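Okay, here's the structure, questions in a sec.
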Amino acid sequence: MLDSLALAVTVPLLAALLVTALPGRVQTLGVIGAIATALVSLQVTVQVWQHGSLRSDPGGWGAPLGLALEADGLSAALLAMAALVALAISIYATGYFREGERRLHFWPLWFLLWSALNALLLAADLFNLYVTLELLGLTAVALGALTGQREAVAANLRYLLVGLLGSMTYLLGVVLLYAAYGTLDIALTGAAIRPGPVASAALVLMTGGLALKAAIFPLHFWLPPAHANAPAPVSAVLSALVVKAAFYLILRLWLDVFGTIVTPAAAGLLGLLGAAAVIWGSWRALRAERLKLLAAYSTLAQIGYLCLFFPLLQATPEGPARDDLLAALVLMAISHGFAKAGLFLAAGLVQHSAGHDRIDELGGTAQHLPAATFSIALAGTALIGLPPSGSFIGKWILMTGAIETGQWWWILVILIGTLLAAAYMFRVLSRAFNEAPTPRRFVTQASTEVPALLLALTSAVVLGLGAQLLWRLMGFGVVA
Amino acid sequence: MTAHLLYGGAGILLFVLGVWSFLVHEALLRKVIALNVMGSGVFHLLIAIAERGSLPPDPVPHALVLTGIVVAVSATALALAMGRRLEDEDDAR
Amino acid sequence: MNRPAKLMIGLLLCLFALVLLWVFHAALMQSPGARLADLAMDSLPLSGVKNPVTAVLLSYRAYDTLLELAVLLAALLGIWSLGAATPGFQPAGAALAAMVSWVVPLLILTGGYLLWVGGYAPGGAFQAGALLGSAGVLLRLAGDERAGLPSERAQRRLVVAGIAVFALVGLGTMVAGIGFLTYPPGWSKWLILLIETAATVSIGVTLAAAYAGGKPRSRASDGATP
Amino acid sequence: MTVLLLLFDLVLVSTLLVLAIAALTSPEPRRAVMFFIAFGLWLALVWARLGAPDVALAEAAIGAGLGGALMLAAARRAARRQREGKVDRDGEAT
């Protein structure tokens, strides 16, 4: 009897131990470990697809005394996204960190981060979530500082301190809940919770702490320098997965712990912050001088879109309409994950080839790096939300929901954000194509260019066409 | 009841004092101390709620605090090492 | 930061503290008392140890502890990735050296005692590991650049040993069909002791290496480094 | 008797808070760390009083002991840099 949930956490953990203990074979072990981890993660998704939610009790005690691992449609979808994105990043990293010291440092931390990510997505216990958050935070910071440049270390040190402030605040919320309800299990706490000062304070503390980690406006100040200065594969994982994990946690808590006590005002506030993030992030992306900085600001905007779903979810009663909204949220999060990972990997190729990533001087990139330019264009399709990308469907359902709940003002925000996104993506592409593209070879270094291309292609085409599978995975009726 | 409020209240005050110091001081070491005091506040709150009610006290919060202490010292070590790296670079210039 | 801003932050935080105190008071009022405590005590005979805190750490919530060891490892790997350790302090004078040569074995012995006693009295892997770690700190203060630790190659193996044993025990019980980290009855005491022993060594080495503050420099006596 | 015990608790807690404030407000790095270590040890004492000897032991060894040792090394460097005029009193590069 194999427990696929526990395997999804322990396999990357063991891979981390192996690459730490045997630094001589780090590259080979890294590829094997990445494939094994992706397989066990996808195994969880397949089982959720077949049987619905899964739950396992490490230690066999069961809640409330023991702690549990749980996978439902939401976590299974994100787990699959993380597996595919992380596998692509791993293959890219074999080409990116080809030799030298940094390779020895990258792989162990990378597998620990992957393990933390899977553990966070599967956790069903509020304190266990705190431990996974810290593991994720420390590994992300260490990986982000791997270039060793002063800006990178300084930016990631700030990220570390802000992250610790966030997780301590989260933990205080957990302690208040434990004081009042005597349990740490998510489902049991959600069943026991009653409206009152304790529940409200815990909601504010936990959401606030996680908002710092998810870089929700106006708590986003640390993100652009930390993400823009990390090595390309690390930027990709930070933007596509790590920030998303903190956001997932907010969503999980609002649905499963605080579902009964969230007020329209609280959801509206989160929506308002999301709207500000969409406009501010897109605007700064348009003004950014460097490609990686542009990508980092665009992440702020994308997190903003996800926040816009909260007021609509709150206002929509249980039923197919709410299911559609929830699935659309996940679809947008996944599309963005693939698109942003692809964009950062392609930006890394550009930076490597041109020696810089200043947007104004990208002339002729298309000529030298056709595959990277094509990846940027495809990722741009998903970031703008053009059909047939998954974010097109996501935004469409978001706007429908806004009309149906009478909150039409969010549509304005979405339109402005989309126009700005189109502007910043076309700005990059117009610079890249300003010389006649006469590519000699489409792909020059397969191990780095193909992963970027596949990620971008998934975000722009596959997710849009295969969106119905997501509804099926989450156990909802197929969208009309 | 009064004693629990006293001890728990001290935990909350430590947390808030830590937040205050974290926000107003710039130097890395002071921010690290502030974070550790914040953490100690939360841990102290856990110990205080473990003790109420029956004897012997609730072991679950005790174990959580033990875990928390190790996590806090790990983060402290990493933050200070990063700070030292920055100082070394400043000195080399 | 200017004065008015600091004052503003102070005032807001005072308000924050008052609200939190009120909330905590409310939490105490509505609480029916610690419910998990009784459950934890009732299950104690099944856990294989007599110290309830050890039971929580290594049986009820063992998975938490596994991830916590990973956090410690992540911090050390992060520190190593930042560069080589700084040179140690000047070699200690005769008096300090004599004291250190007495205290270090004492710390290691006490660590071993705490590890053993953790099954039924206050103590356990973390306290024991911390004592081993502080022995390393003392050695470094006395002038040993590498805090008494072996070569980098050996250090890498020692720091992963604790998690490796922990995770392999978990996988072993899973493959045996009882479930991840679920100890078979009768075996719990020894499996917990095995995990704790490996964890103690790893924690001690990790803490001492973290104090050394960087990747270990190689010495001529190490032979070839990996 | 209960009043006396409450008074005892009050003294324990107020000493704890005073030590914390001293650690947080003293501008000299080494002194701040010294106060922090004292705070950690006192906290361990309070936890022993609250029936948590395991955690008290860990806090004294790990939180105050090793955490303090790490900070002390950082404080020694900070003090040296202050002396050499590389940074001002707030630790900002000059």
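Just so it is clear, A, B, C and D label the chains in written order, and each chain counts residues from 1 on its own.
What we mean here is this: a residue touches a chain if its C-beta (ideal position, glycine included) is under 8 Å from a C-beta of that chain, and two chains touch if they have at least 3 such contacts.
Because the structure is a prediction, the values reported are computed rather than measured.
A.B. asks: Counting C-beta pairs in contact, does B-C beat A-C or the other way around?
C.D. replies: Top pair by contacting C-beta pairs is A-C.
A.B. asks: Compute the distance, rounded to whole Å, between the mean C-alpha positions of chain B and chain C.
C.D. replies: Chain centroid spacing, chain B to chain C, equals 16 Å.
A.B. asks: Provide the C-alpha centroid distance between chain A and chain C, rounded to the nearest whole angstrom.
C.D. replies: Centres of chain A and chain C (C-alpha means) sit 30 Å apart.
A.B. asks: So, what's the distance in Å between the C-alpha centres of chain B and chain A?
C.D. replies: Between these chains, centre-to-centre, one finds 28 Å.
A.B. asks: From the C-alpha centre of chain C to that of chain D, how far is it in Å?
C.D. replies: Measuring from centre to centre gives 20 Å for this pair.
A.B. asks: Can you tell me which residues of chain A touch two or more of the remaining chains?
C.D. replies: Counting only residues that touch two or more other chains, chain A contributes 65, 127, 131, 134, 138, 141-142, 145, 148, 153, 179.
A.B. asks: Mind pulling the chain D residues that touch 2 or more other chains?
C.D. replies: Only 54-55, 58, 62, 66, 70, 73 qualify.
A.B. asks: Which chain C residues sit where two or more other chains touch them?
C.D. replies: Touching at least two other chains: 20, 24, 28, 31, 33-34, 36, 40, 53, 60-61, 64, 68, 71, 74-75, 78, 82-83, 126, 207, 210-211, 213.
A.B. asks: Could you list each pair of chains that touch, in label order?
C.D. replies: Here the touching chain pairs work out to A-B, A-C, B-C, B-D, C-D.
A.B. asks: Touching residues of chain D toward chain B in the complex: what are they?
C.D. replies: 5-6, 9-10, 13, 16-17, 20-21, 23-25, 29, 32-33, 36, 39-40, 43, 46-47, 50-52, 54-55, 58-59, 62-63, 66-67, 70-71, 73-75, 77-78, 81, 86, 90-93
A.B. asks: Any idea which chain D residues touch chain C in the complex?
C.D. replies: Counting only chain D, the residues touching chain C are 53-58, 61-62, 65-66, 69-70, 73.
A.B. asks: In the complex, go through chain C and note every residue touching chain B.
C.D. replies: 1, 6, 9-10, 13-14, 16-17, 20-21, 24-25, 28, 31, 33-34, 36-38, 40-41, 52-53, 55-57, 60-61, 64-65, 68, 71-72, 74-76, 78-79, 82-83, 86, 126, 203, 207, 210-211, 213-214
A.B. asks: Over in the complex, which chain A residues touch chain C? Could you list them?
C.D. replies: Residues 1-3, 6, 9-10, 13-14, 16-17, 20-21, 23-24, 56-61, 64-67, 69, 102, 105, 108-109, 112, 115-116, 119, 125, 127-128, 131-132, 134-135, 138-139, 141-142, 145-146, 148, 153, 176, 179-183, 194, 196-198, 201 of chain A touch chain C in their complex.
A.B. asks: For chain C, which residues count as touching chain A in their complex?
C.D. replies: 19-20, 22-24, 26-28, 30-36, 39-40, 43, 59-64, 66-68, 70-71, 73-75, 77-78, 80-83, 156-157, 159-160, 163-164, 167, 170-171, 174-175, 177-182, 226
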